[in-house]
Amino acid sequence: MPIVMVNIKEGRTVEQKRAMVTKMTDVLCETMNVKPASVRIIINEMKNDNFAIAGTLVCDDPSKQIKKN
Amino acid sequence: MPIVMVNIKEGRTVEQKRAMVTKMTDVLCETMNVKPASVRIIINEMKNDNFAIAGTLVCDDPSKQIKKN
Amino acid sequence: MPIVMVNIKEGRTVEQKRAMVTKMTDVLCETMNVKPASVRIIINEMKNDNFAIAGTLVCDDPSKQIKKN
Amino acid sequence: MPIVMVNIKEGRTVEQKRAMVTKMTDVLCETMNVKPASVRIIINEMKNDNFAIAGTLVCDDPSKQIKKN
Amino acid sequence: MPIVMVNIKEGRTVEQKRAMVTKMTDVLCETMNVKPASVRIIINEMKNDNFAIAGTLVCDDPSKQIKKN
Amino acid sequence: MPIVMVNIKEGRTVEQKRAMVTKMTDVLCETMNVKPASVRIIINEMKNDNFAIAGTLVCDDPSKQIKKN
């Protein structure tokens, strides 16, 4: 009964999140030998001033930000 | 000094959260033999497009959503 | 469908953990209006050299350690 | 730069974990439009007395335990 | 390649968060012997009705709230 | 009252962890304007077969492993 937390930067669409949870559930069922109904996936969208890489907040480095179309 | 994180779907009232943390703290004090002051409870409210069960986002399945009165 | 993570110091018995998850599940069902089957509780037992309070590891402060009977 | 934590019950082989992280990384790259090098996956293996479903520890319900071959 | 999650109450400024991640990254590089590029820090800002101390939500205890200037 | 979880690879000494929690607590007190007694730090040591970078478990890539002296 896998419980997954996925931390991603803000800016993804619902379509991207829908594709991700569908395929990630398939991977878990196939590799862990579990049924889909037992899989839970929590997405944590991090605001750009709440995630830092190499000591720099994403809000301070436009090259690290997700482009919204 | 228990530290608890509770992940719940969005849509609960402050009254529900207040009752939950009060009673959960009582349970921890009673079963873990700790003092109330040592208990910390973090609530993570998941938006309906940020939680998936069986590969389906809650936003795509109204039967899984919390009804707001 | 609440998912709970409980971080506690090492040294509790299975009896204590059993009582805790039973009563905590009751609290969640009562206050969040969910069914028992939807509740998941993950316990994370922290070793004494993996938890710090006020900048001091628990392994360095016997008064903070759980006494094993 | 997705950071994923996967909570699973104890009893899986390294081969299962290897297959899981490989395929999950592919899914994240494809759906989130990131490079493999940016993906981190943390696996948390829960002992049977540290995970409860419906208020019952897995160690108390053999039908919920992972069979080791 | 340390991955850190920092849970703090709402009300801090970007300046405070910027200073925190910069200095925390320095501490990790110095004590864990890693390079800055390998450090990830996730900040989780808890709303006052989503954090409880001693069984009381922060929203119910003004003395526990962060003062905004 | 910051609550921090630090995920690191296995292989660090208690001396390294002690230095890390001491200095990290100082950083939090200074930048978040809190008292040391309010800071909690949880360390999660990941075994080499429980952490993956770029889709590869650390146990499969000796260059990613922490050298023990």
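Letters A, B, C, D, E and F mark the chains as written, and numbering starts fresh at 1 in each.
As a convention for this text, a residue touches a chain if its C-beta (ideal position, glycine included) is under 8 Å from a C-beta of that chain, and two chains touch if they have at least 3 such contacts.
Everything numeric here is computed off the predicted structure, so don't read it as measured data.
Visitor: From subunit B, count the fewest steps through touching chains until subunit D is reached.
Guide: Tracing touching chains, the least step count from subunit B to subunit D comes to 2.
Visitor: Same or different interface residues for subunit E and subunit F, judged by whether over half of the residue numbers are used by both?
Guide: same
Visitor: For C-D, find its twin among D-E, B-E or E-F: the pair where over half of the contact pairs carry the same residue numbers.
Guide: B-E
Visitor: Could you grab the centroid distance between subunit D and subunit F? Build each centroid from C-alpha atoms only and quote it in angstrom.
Guide: Computed from C-alpha means, the inter-chain centre distance equals 20 Å.
Visitor: I'd like to verify one number: the distance from the centre of subunit A to the centre of subunit D, where each centre is the average of its C-alpha atoms, in whole angstrom.
Guide: 15
Visitor: Between subunit A and subunit C, what's the gap in Å when you average each chain's C-alpha atoms?
Guide: 27
Visitor: How many Å are there between the centre of subunit A and the centre of subunit F, using C-alpha atoms for each centre?
Guide: Centre-to-centre distance between subunit A and subunit F: 22 Å.
Visitor: Which residues does subunit F have that touch at least 2 chains other than itself?
Guide: Residues 1, 3, 7, 24, 40, 42, 44, 53 of subunit F touch two or more partner chains.
Visitor: Report the complete set of touching chain pairs.
Guide: A-B, A-C, A-D, A-E, B-C, B-E, B-F, C-D, C-F, D-E, D-F, E-F
Visitor: Considering the complex alone, what residue numbers of subunit E touch subunit D?
Guide: 1, 3, 40, 42
Visitor: Can you check the complex and tell me which residues of subunit C touch subunit D?
Guide: Residue list for subunit C touching subunit D: 14, 17-18, 21-22, 24-26, 36-45.
Visitor: Can you list the residues on subunit C that touch subunit B in the complex?
Guide: 1-9, 12, 16, 19-20, 23-24, 27-28, 30-33, 53, 64
Visitor: Show which residues of subunit C lie in contact with subunit F when the two form their complex.
Guide: 7, 44, 46, 49-57, 59-60
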